[in-house]
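Below are structures written as C-alpha cells.
One chain, chain A, links the two complexes that follow: it is found with chain B in the first and with chain C in the second.
== the complex of A and B ==
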C-alpha cells in the first residue's frame, strides 16, 4: 500500500510538471486574462472596506474612521431602501418572465415561417430596436402614451376608454410601461439565441414525428421546446444572477416625479443617496448587499437547475 | 510549429500590452508650462492700441474649467475669447457634466481627476472636504488687487464659514444687484392681456379668470389646442417652475426650500406655510377644470420648450434662461404677441411679493482653483484679471468699434447691429461672446458704475427698455409702467437680506440636514404632484398626509438646524 501510494504521488507530481511543460503556451495565453480578472475584478474589492468606515476621500482608506456595521444598520432601517428593492426585484422579475416568454414564442414563430427571405427581413427588423438608445426610446414611448398620443386615440376611438389616460402619470402602471417597452426593444435580439438553438435540432426528429402523424403544434410542443430546454435554463440562471443589477437607465428616462415611488431602483438609490451625497461608505454598503443577494440567487437557481438535471452552470 | 509558438507568445504579449495602454495618463490636456510665471514680478505692461493692459506674462497656456450647471459646450473661439487669449495667454477649455449630472463632482472626487479651475456651485463644500481646492486669501492679499477692488468689503462674504474662514472661491454673482428685469415669476401671454382689455391681474384668481376667458374664446391657436398654464415638473425643474413659484406667490423670499425670517433668523421648511398650500390647492383646481396642462408633470424638457415656442401656451412660470429660446423663436416666427408678460401675482392681495428684495452679495459659490493644477498661479492671475475694469468692460460690452461705440456724451452704447442681433438671434451670445464670460466669473454686477461714469454691464434701465419688443412696450404702456419690475414693490422699500440666500449656504454634504433636504425634496416633488393631480375634494387630506410625513422625516429638527445656519451666517457676515 505504502509504496503504491508513493509511486502514485510521484507519478502525479511528474505528471503535473510535465503537464505544465506541455501546456506552457496555453498557460501563457491564458495568463493575461487571469491577470485581467485579478486586477480589474478582485483588486477593486479592497474598496469594500469603505463600507465599514466613515470614508472621506481626503483621508483615504487608511486614515478614515472605522465604524463597524453603522452603514448597514442605517440601510436596513431605511424605508426608501426597501421601496427601491421591491421595485428592482418587481421590474426584473417581470422582465425575465415576460421577456423570456416573448422571445421564445417569437423565435418559434419565426422558425415555423416558410419564406426564407421574408423570415430574414422580419428577423433583422425585429432586432433593430436593440440598437436604439434608451434616450430615444423613452421619447418615443412618451409620445405614444401621452394623453393625445396614438395609444389613447386608438383606445378612445375603439370605445375601450371614455377619457384618455396619462399612462406615464399612473404610479401603478409604471412597472408595466417599463416591462412593455423593454419587451418591444429586446424581444428580437433575445430571440436570436433561441433561434440558433432551434436550428441545431436534428431534422430527423421532425421527419419521424411527421411520419407518426404529429401536426405542427405537436411538433413544437414535443420536439422544439424540449430540445431547447437546456438553453432556456442556462439563460434563466444568468438572468436571475443579474436580477438586482438592472441599471436605472429605463426607470430614470421613463420616470417622472409622479411615479417616483415606483421607479426608484437600487442603482438610482445608490447614485442619489450614496455617491451623490458623498456618502461613499453608504453606497458601498448597498453595493455589498447587492453582490451578496446576486450570489445567493445564482446559487439558488443553479441548484434548482441541477434538480431538473439539465443545464446547470456551476 | 516554431512559427506557431512565436505567434502564441506574440499574441499574449499583445493582450497584456493592450491591457496596460488603458492605464496611461493623458497629460496632453494640461499644459506644459509649469507655473514658472508665478515667481516673476508683475511688471506694469504698456497699454496696446485699444487701451488694453492685460497680463505681463502672456505665455500661451490652456486652462481647464469645469462648470457644474453648464449643459452645452462652450467654444472658446469667439472674438472676445480671442481677445482674452491675446491679453492673458490663457485659452480656456470649458468642460461640463452631461445633462446636468448631479453626480459629476462626487465622481470627480472619487477618481481624483480634477481640472485646473472648477465651478462647483453647491458641491463646493465637498471639494473642500476632499482637499481638492486651495485657499486663495494669501494670493488675494499678495497680488489680487483687481479682486480686492471688485469685492471691497464684501471679501468677508467670500469666506467659507466661521470654523474655516478661508476664501476658496471668487464669487460668481454680481456684487451690485440692481433689479431691472423680472425673471422666474408667473407670466401670461401678451395676447391674452390685450384681448381682455388689460385687466388688473394681481391674484391667482384673477390670473385664472383671464386664462379661462381667453381659452373659451379661442380653443385653438395656430391650429393646435390652446394650453392654459404649462409647467415643467417632470424633473428637477419642478423646484423652479412649481416650488419656487408657489413660495413666491405666497410672499416668501427665494431661500430655496426654506422660508426664512430675516429679522430673527428663524427658518421654516416652506411647504409648512399655509399660503404655499393655498397655491398648490389652486393648481389642483386648475388641473381639475382643465386649465393646467396635464402633461406638465410628465413631458420632457424639449417637448415643454416646443410647446412654449408654438405660441399656444397662455401662462407659464419659467425663468428667462429656460424660455429665452422659445421667446426668440416666437419673435422670429412673427408671433410676437404670443410672448409672455411677467406680472406680480400672489395668492391673495394682502401678500407682499418679496421678488424685488435685494439678496445682497451672497459670496459662497464661485470658481475655485484645484490643488492638483500645475498652473495654480496662472489661474489665479487669470481670475484676478477677469475682475479688472478692462476685462469687465470687455466681457460685458465686447470690443469698442466692433460691438459698441462711445457717443459724444461719453456713454457706451451697443451698435445698432448688435442691438438687433441681441433681440432676434438666439445664437447672439454664442457668436459674439458678449455676456458669455460673465457668469460664473467675478462680476461687478448690474448697476455698478465705472470710472467713465458708465454702467459696467450692458443692462441699464434705458437699455432694458430699449430692448423691449413693440408688444411689450404696448402692454407696459397700458398698465402705465416703464419696466416689468415696476409691477413689484420697489427694491428700496424692502430691506437688504442679511443672510444672503439660504440655497447658497454651505451645508455638510453627508450630515442629517443634507439627508433631510434630499429626502424631503424627493418626497415633496412626488407627493405634492400627486395631490395636484388628484381631486380637489381630496386635496386637504392629501396635504395633511404630506405634513405628517414631513414630520416623520424630522422637519422640526431640520428647521432648528437651518435656523442655526442662518443665525451663524448673519453673525459671521455682519461682524
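== the complex of A and C ==
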C-alpha cells in the first residue's frame, strides 16, 4: 500500500494541470464566488489603510496623505469613545450572562415537559420573536413600556409603583430595557442548541441516578448541567468573541435623545462620526479597534477554555 | 412554561388588537386581547393613502424572493464544489470564506466598496452583498458531506459532468437543508432596514417596508407630532400614529408567521449542524 501511495502522489503532482482541466466545471462553478468574496469581504479590508491617512474621497486611497497613528491617538483622547465602549461592553456582558442563564433554564424546562403537543406549541411560539426584526420588536417594546402600557398598568395595580413611568426615557434603565428585550427575542432560539445537547445525554445516567434516589432537581444539577458544560463553554467563547460586535440596531431603535448617553455604542459612534460627519478615516480607525479587540478576546477565551480542559474552538 | 408562553405571545396579540381597533378609541387605552371597536380603517389607510407602504411592501417582497433564490443557488453551488474532496482549490476557498466569519472590514470600508461599485441607490445593493454567508455555506457543505459519495461516482461513470451532477443529483437531495438556508436568507432579506438607511435612503422607490416602519418609530422617538406623520401621506383624522404603527407592524410580521412554523423541523436540525461544525 505504501508504494502505491507514493506513486499516487507522483501521479498527483505530475498531472496538476491535467487535474485543472478535468475539474474545469468545478472551477467555473466556484470562481464567481471567489471573486465575490474578494470584492465584498476582502476589498473592505484593504480599506483599513484609510485609518492611517487623511482620506479624501476625491483623492482615493493612493492619493491621500499618510498620517500614521494620528486618528488612533485622537480616538483614545475622545471622551465619547470611552462612553461608547462602556455602553457596548456593559450591554453585551449583561446579555451574555442573563441570556445564557435564561436559554439554559428554558431548555431544561422544555426537556422536563411531559405533554408532547403542548411542548411543540411552546417551542414554535418561542421561536417567533427571533424571526421578527428589531424594528418590529422596538415597536412592540415601546408599546409595552409606554406610560399607559401593560407593564405600567400591572405595576401600578400591584401597588409596586405609584405613578406610571416612561421606562424608555430613564437613562439608567436603558441597559436593562435592551437586555430584557434581547432576552425576550432570543431565548427560545438560543435554547435550540442547549436542547439538542440535553437530548444527547445518555438516558442510563438518569436511570442510575433515580435508582440512587436522586430527585428531579438533583438530576438536573448533577447530570444535565455537567453534561452540557462543553456546549455552554463553546457558546460562551463565541459570545465573548462577539462582545464588541453587538451592532447598534437595538440601541438605535430603542434609544432616543433623553437616553443618548447610555445608548451610544461603538457602531453608532462609527455611524455618527464616520458616515454622518464624513470623517471616514476616523470611523475606520474605530472599526479596526473593534476588530483587534474581538480577535484578542477570541484568543483569550480560547486559551481559557483550553485551561479548563473543555476543548477549544479554533 | 405557560407564563413564558403568555409573555411571548401577549405583545403580538395586543399589537393585532390595537391594529383592528378604532383609532380614536385606542387613545383611551386599555386595549389588550381584543379590539373594543372593530374597524378595518387602519389597514385601509396604510394601503390606500400612504403609497410608500405599498411600494415598501413590493420592494421587500421583491428583494426577499430574488435575494433568496439567487442566494440559494449560489450557496449550494459553492458548497458543492468545496465538499468535493478531490477539488484542487477546496482548501484555499474554504479558508477564504471561514475567515470572513471572524474578521470584517467594518462599516465604513464596506460603504466605500459599495459606493465604488456604483451600487448606491440601486436595487441590486439589496441582493449582491447578501447572497453568501460563511454560516450558510458550512451548514450546506456538512449536509452534502454526509451524502453517499457513490452516487456521484456512478453518475460520473455514466458520463455526467460536475455541473450535471450538481443540479441533477446533489441539489434535489439537499432540499431539506436548502429549506433552512432559504429561511435564513429570506428572514435576513425581509428584516433588514439598515442597508436601505445607508444606501437607498434618498430613493423613494426603493425603500423597504422595514425602513418605513423604522421611520415611523424614529419620528415618534424624536418627539415629532402627529401632524408631521400626517404630512407623510397619512391624511385622515380618524387615525392616530399609534394605530398606523401597529397596522404596519402586523403587515410586516404576518409573512414571517406564515412561513417559519412549517420549516421548524428543518431549521432546528440546520442550527444544530451549523453550531457543531463552526
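As a working rule, the second predicted complex is superposed on the first by the 269 of 314 C-alpha atoms of A that agree within 3 Å, B and C clash if a C-alpha of one lies under 4 Å from a C-alpha of the other, contacts with A are read in each partner's own complex, and residues count from 1 in each chain.
Convention: a residue touches a chain if its C-beta (ideal position, glycine included) is under 8 Å from a C-beta of that chain, and two chains touch if they have at least 3 such contacts.
What you see is a predicted model, and the numbers here were worked out from it, not measured in a lab.
In the superposed model, C is the one of chain B and chain C that contacts more residues of chain A.
Looking at the shared chain after the overlay, A:271 reaches both chain B and chain C. Of the two partner chains, chain B is the only one touched by A:261; chain C is not. Legend: residue contacts after superposition of the two complexes on their common chain; A:25 is shown touching both chain B and chain C. By the document's definition of touching, of the two partners only chain B reaches A:58; chain C does not.
In the superposition on chain A, A:129 makes contact with chain C only, not with chain B. In the superposition on chain A, A:194 makes contact with neither chain B nor chain C.
When the two structures are aligned on the shared chain, A:142 is found in touch with chain B and with chain C.
By the touch criterion defined above, A:81 reaches neither chain B nor chain C.
Once the two complexes are laid over each other on the shared chain, residue contacts for A:280 go to chain B and to chain C alike. The contact surfaces that chain B and chain C form on chain A in the two complexes overlap at residues 25, 28-29, 32-33, 36, 39, 57, 138-139, 142, 148, 256-257, 271, 275, 280. Residue ranges on chain C touching chain A, taken from their complex, read 1, 4-5, 7-12, 14-15, 18, 29, 32, 74, 77-78, 80-82, 84, 86-89, 93, 96-97, 100, 102-113, 117, 128-129, 131-132, 161-163, 166, 187, 190-194, 198, 210, 213-214, 217, 220-223, 242, 245-246, 249, 252-253, 256-257, 260-261, 264, 268, 271-272, 275. Residue ranges on chain B touching chain A, taken from their complex, read 5, 8-9, 11-12, 15-16, 19, 102-103, 106-107, 109-110, 112, 126, 129-131, 225, 233-235, 238, 294-295, 297-300, 302-303, 509-510, 514-515, 518-519, 522, 525-526, 529-530, 533. Against chain C, in their complex, chain A makes its touches with residues 16, 19-20, 23, 25-30, 32-34, 36-37, 39-48, 50, 57, 106, 109-110, 113, 118, 121-129, 131-136, 138-140, 142-144, 148, 150, 184, 188, 192-193, 196, 235, 241, 249, 253, 255-257, 267, 270-271, 274-275, 280, 283-284, 286-288, 290-291, 294-295, 298.
Taken in their complex, chain A has these residues touching chain B: 25, 28-29, 31-33, 35-36, 39, 56-58, 80, 138-139, 142, 146-148, 166, 168-169, 171, 256-258, 260-261, 271-273, 275-280, 282.
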